[in-house]
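Below, each structure is written out as C-alpha cells.
Each of the next two complexes has chain A plus one other chain: chain B in the first, chain C in the second.
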Partner chain A sequence: MSGLPFHRRHDVRLALRYVVAVALVLVFVFPIYWLFTMSFKTPDEIFAFPPVWYPRAIQFNNYRVLFKDGDAATVGNSLILATVSTFFAMIFGTVAAYSLARFKTGGENLAVWIISQRMMPPVAIVFPVFLFYVWLGWVDTYVGLIILYTAFSLPYVIWMMRGYIEDIPLELEESALVDGCTRWAVLWKVVLPMARSGLFATAVFTFVFAWNDFLFALVLTRTEVTTYTVQVTHYFGGQSNFWAKIAAMSVLGTIPVFVAVATMQRYLVRGISMGAVKG
Partner chain B sequence: MSDLKISGLHKHYGSFHAVKGIDLEVPSGEFTVLVGPSGCGKSTLLRTIAGLEEASAGRVEIGGKDVTWARPRDRDIAMVFQNYALYPYLSVYENIAFGLRARKVAAGAIDKRVKRAADMLGIAPLLQRLPRELSGGQRQRVAIGRAIVRDALLFLFDEPLSNLDAQLRDDMRVEIKRLHQELGRTMIYVTHDQIEAMTLADRIVLLRDGQVEQLGAPLDLFERPATRFVAGFLGSPKMNFLAATVTEGAVVLSDGTRLPLPPGRKVREGQAVILGIRPQHIAMAGAGALPGHVRVAVVIELVQPTGSRVHVNMPLGGTSIIAEFAAHDVTAPGERTTIDIDMNRAILIDPQSETVI
Partner chain C sequence: MTATAHPDRNFKYWLVSPAIFLLLLIGLFPLAFSLVVSFMRITMLETDTSFAGLVNFTQLFKDSRLWGSLFHTALIIAIALPVELVLGLAMAYLFLDKMPGRQLFVSLLVLPTIISPIVAGATWRLLFDNRYGPINQILGWFAGHPVPALWTVNPNLVYPAIVFCEIWQWTPFMFLILLAALSNVDRSLTEAAEIDGARFWRSFRFIVLPAIWPVMAIAILIRGLDLFRIFDIIWALTEGGPGTMTETISIYTFVQGFRQFETSYTAAIAFLVIVLLTVIVTWAIRRMGLAK
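Entry: the complex of A and B
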C-alpha cells in the first residue's frame, strides 16, 4: 500500500474498517435475527433444509400456544422478580454506598470485602440456600427469590454506587446541609440527581442479572414462580426439542431487557463511562 | 451583642492539631476576615463554625445559643463555598430557591426573595439558565445569591473568590463589600489573600498554626504588627527584614550601615534585633531629608514596574531590600542613588521571640 498516494491509502483503510465492522455486526446480530425469524416460522420451515432464511408468512401460532398453555406467565414471574429485587437492591445498595463513601463506614476495607461476596460462584451457595429455604418454607415463592436476588445484587450495587457517589463534589452536599437539608434530604435532593446516570446504569445491570438468572430459579422454584429461563429448558426433551416454543419464549424473554436497555441507553453510556474515568 | 462567640475551640484530625484553642467574639454586623497561610486552620475554623466539622473541644455560640453540637441546618447560617457548589441540574432560580424550599418557605415568599436577591446581584436575566451556561463570575454571584436569600444571622464565605481571575476578583470584592453595607449582616470571610483581607475587613483575625497570631482593624495590623509573622504577612511587597545590632543609640546593620534608632523602643546596648522596613516607607531622596528619615546611598539592582508604581531591589545590610517608588522615579539597574528611609515607622523585632519591640 505504500505505493499508493495518501488519500487512496486513507480510503482503503476506511473501507477495510467498514468491512470488519459489518462482519462483526453480522456475527452478533445473526443469532438474534435467527431467533426472531424462527419464532414466526412453521415447524416445516424450522426443519427445512436448505434453511429458510425468513418465514414465508408471519404467523403467531408459536406465541398463541405459549399464552394458551399459560407458559407466557413465566415471563411475568421473571419481570416481577427482577423488577422488585432491582428496586430493593438499588434502595439498600445506594444508602449503604453513601454510608461507605461519606462516613467511611467499616474503614477502607469493608467495601472490598463486600464486592468479594460477588466473586463467589452462585453454585457454591445454591444448595445451602435451598436447604435453608426448605426450612423457612420459601422455596417456590416470590419472597424467597426476591430476597436472594436482592442479596446477590447488593455487592455490585454498593460497589458501583460508591464510586459514583465519591465523584460528587462534597461541597454540594455541605451546601445543602447548611441550607437546611437533613442527611436523607441530601441523599434525595443532591446525591441521587447527581448520580442519576450511574444509578440507571447500575439498575439496568442489576435487572439483567436477575432476569438472566437460571441457577437459583432452577433450584428454588417448581411450579408457582417458575421464571422464563427455567421454562425454556422444559422444551428440551429427551426425544425432541420444541424449537418453535423455544424461539418464541426466548423472544418474549428478550423484549423486556431490550426495552430497558433501549430506554436507558443515554444513561447507560454515560454511567459506564463515569465509572471508567473513575478507575 | 455578639452574633458569634467561640471559646477554647480545638480541632484534631487524628494526630494533627488543626485548631489550637481559639477564642473569638464577633460583634453583630461586623465583617471579620480570617486570614493566614495555607494550613493555618482558617478553613477548619470556618467549617467548625458552620457545623461541617465537629469541634474536638470548646464551645461555639451563634446568636447567644450554644450550637457546638447542633447540625449545620440548625445554626442559622448561610455559606458561600469556594467552588460555588451550584447544583448543575437546577436552574439559577431553583439554585437560589433551594435553601428556602428545604426550609419549607411559602412559594410566594420564595419568589419574592429570589427575585430581590437576583436584582441585588444583577443576575435577574439569568434566572432560567443552568449553571453550566454561566461564566465564573456569574456563578459566584448565584452562589452569593443562594446565601443572601436565606436571611441568616451569620454569613460564612470560604475563599469565594479564589477561583476567579484577577479582574473579576476585584469586581466581586467590591460587590461583597457593597452587599455587606446594604445588608448590615455579620459576615465571616476566609481568605489567604492579604489584599482581600485588608480591603474587606472591619477586623482581621490573622491565624498561624491553628492559633490567633493577631487580631484587629486592618490598619492596626498593618501599622502595628505584634510579631514578625504579622509584619511579613500583611503588605505587598513584603516588609524588609534586616539583621542588626543596637550600638550607641543607633541600629547598625551587618554591613556597618548606621541608622538612627526608631523612637520610643526599649532596647539595651548590644542587643541583636531585626529591623523591619516597609517598601512603602522608603522613598527616593528628595531636596532635604524629612524629620525621622535617614538618607542612605545604594545601588539599584533590579526594577519591576507595576504600572503607576515600581518595585526596586537594592542591596542593604547584607541582603537585598525592596522599595516601592512612584513610576516616574525609576532609575536603571546599576545606577547609584540615595534613598530616604522613614525610621519613625520602622519596627524592631526581637530575633528570639520574633515579637515586635
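Entry: the complex of A and C
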C-alpha cells in the first residue's frame, strides 16, 4: 500500500474502519435483535427449523399474555424499587459526599471504608441480610429491598459525587455564606446546581444497578414484590414453550433502561470517563 | 448549646450519618451476625444455637466443591478479563479518530452493557439452543453440515458459552472507558495511521499505556470484582451445571444457603469470601499503584 498516494491510503483506511465497525455492530447487536424479534414471533416461527430470521408480521400476542396474567406488573415493581432506592441513595449519598469533600469528615479512612463496602460480593451480603430480614419480617416487602438497594448503591454515589463536588470552586460557596446563606441553602442553591450533570449521570447508573439486580431480588422476594429479572427466570425450565414469554418479558424490562440511558446520554459519557479518571 | 455555637462541627456529621447508618445496617451488622452464626450449627431443620467452635471453618478446607467453585471462578476471570481488555482497547482505537456516524456506532455498541445480566444470559440461552437457535445454524453454514452442539450441556462447550456471553456483555464497557481514556491522550501520540507498526508499539508501550494506565487499572479492577461475583449469566445459562461443572463461588454459596439450607456453613463461606476478596483487592490496589 506504500505506493499509493497519501489521500488514497487514507480513503482505504477509512473504508476498512467502516467494514470492521459494521461487522462489530452486527455481532454485538444481533443478540438484542434476536431477543426483540422473538417477542413478536408466533409459536410456529419460534419453533421453526431452520430458524426464522425475522417475524412475518408484528403481533403483540406474547405481550398480551403477560398483561393478562399480571406478569407485566413485575416491571412496575422493578420501577418502584429502582426509582425509590435511587432517590434515597442520591440524597443520602450526595450530602455525605459533600461532607467528605468539603469538611474531610472522617479523613481518608472513612472514604476508604465506604468504597470498600462496594467491593463486598452481593452473595456474601445477601445471606446474612436474609436472616436479618426474616427476623424483621422484611422479606418480600418494598421496604426491605429499597433499604438494601439504597445501602448497596451508597458507596458508588458517595464516591462519584465526592469527585464532582471537589471540582466545584470553593469561592462560590464562600461568597454565598458571606451573603448570609445557611449551610443547607449553600448545598441546595450552589452545590447541587453546579454538580447537575454529575448528579444525572450518577443517578442513571444507580437506577440501572438496582434495575438489573437479580440475586437480591431472587433471595428476598416471594410473590408480592417480584422484580422483572426474577420473573424472567420463572419461565426457564424443561418446557421450551415459554420462550415467547422470556423474550417479551425481557423486552419489557429492557425498554425502560434503554429510554433512561438514551435521554441521559450526553451526561453519561462524561460520567463514565470522569468517574473512571477520578476512581 | 454547642449545636448553635459550632454549627459546622455538627453539620458535617449530620450529613454523613444517614449514609453511615445504612451502611452499618446492611454491611457491618449482618457481617457480624453471620460471623456469630458461622460458629453455630444451624441448618433449616436444626436450630441448634450452641457454639460448635471451628467445625464450619475446618469443613471449608475439606470441601472440594468449594475449592472447585473458586477454581471455576478464577478460570472465567482468567479468560474473560484479558479478552475484554484487549478487544475493548482495539475497539477504542478503531473509533478514536473521527469518522462520520461514529456516535451512532458507539451508541449501538454499548447496548449489551445496559441490559440486565440475567436477560443477557436468557438471550444467549435462546441463541445457543441446539435446534431453534441461530448460532448452530450459522455454524452449520460454515461447516457445510448441520451442527447440533449442545452449548449449555456439553462439558466441552459450557465454558465457551458462558465466556462468549460475558465478553459480549462487558467488552463494550471496557471499550467505552478506554475510548474516553485514549481521547484524553495527546493526539499526535495516538496516531496509528501515519506511523509504521514498530513505532506504533513503542509509542503505545512507553507513552500511551502509562498515560491511560490509571483509568485502565480501575477498569480492570471493576471488571475483575464483577467477574469474581459472576452469578446471573451462569444462572440463566447453566445454573452451575452440568453437575457442578460451572458452579462459581457465588452460585455455590447460594446453593448451600438457599437450596441445601446449611445456614451456619453458608455463613462461614460468606465470611471466607469476604476475607479472600479483601486480601485480593488490597493486593491488587497496591500492585497496580492505585493507592495514593
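To be clear about the criterion, the second predicted complex is superposed on the first by the 268 of 279 C-alpha atoms of A that agree within 3 Å, B and C clash if a C-alpha of one lies under 4 Å from a C-alpha of the other, contacts with A are read in each partner's own complex, and residues count from 1 in each chain.
The rule we apply is simple: contacts are C-beta pairs under 8 Å (C-beta built on N, C-alpha and C of every residue); 3 or more make two chains touch, one makes a residue touch a chain.
Since the model is a prediction, treat every value here as computed from it, not as a measurement.
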Side-by-side fit of chain B and chain C on chain A, or clash: fit
Touching partner for A:Ala124 - first (chain B), second (chain C), both, neither: second
Which superposed partner A:Gly253 touches (first chain B, second chain C, both, neither): second
First, second, both or neither for A:Met194, with chain B first and chain C second: first
First, second, both or neither for A:Tyr54, with chain B first and chain C second: neither
Chain B versus chain C as contact partner of A:Phe67, first or second or both or neither: neither
Chain A-centred angle between chain C and chain B, computed on Cα centres after superposition, in steps of 10 °: 100
Touch count on chain A, higher of chain B and chain C: C
Per-pair minimum CA distance [chain C against chain B, superposed on A] in Å: 7
Shared chain A surface residues [contacts with chain B and with chain C]: none
Chain C partner contacts - residues on chain A that touch it in the complex: 10, 13-14, 17-18, 20-21, 24-25, 27-32, 34-35, 38, 46-51, 53, 92-93, 95-96, 98-100, 102-103, 105-106, 108, 110, 114, 116-117, 119-125, 127-132, 147-148, 150-152, 154-155, 158, 183, 208, 211-212, 214-215, 219, 229, 232-233, 236, 240, 243, 246-247, 250, 253-254, 257-258, 261, 265, 269, 272-273, 276-277, 279
Chain B - residues contacting chain A, complex: 50-52, 71-73, 75, 77-79, 81-83, 85, 87-89, 98-99, 102-103, 146, 150, 156
Touching residues on chain A, where the partner in the complex is chain B: 169, 171-172, 174-182, 185, 189-190, 193-194, 196
For the chain C and chain A complex, residues of the former touching the latter: 7-8, 11-13, 15-16, 18-20, 22-23, 25-27, 29-31, 33-34, 37, 91, 94-95, 97, 99, 105, 107-109, 111-112, 114-120, 122-127, 129, 131-134, 137, 168, 171-172, 176-177, 180-181, 183-184, 193, 214-215, 218-219, 225, 228-229, 231-232, 235-236, 249-250, 253-254, 257-258, 263, 266-267, 270-271, 273-274, 277-278, 281, 290, 292
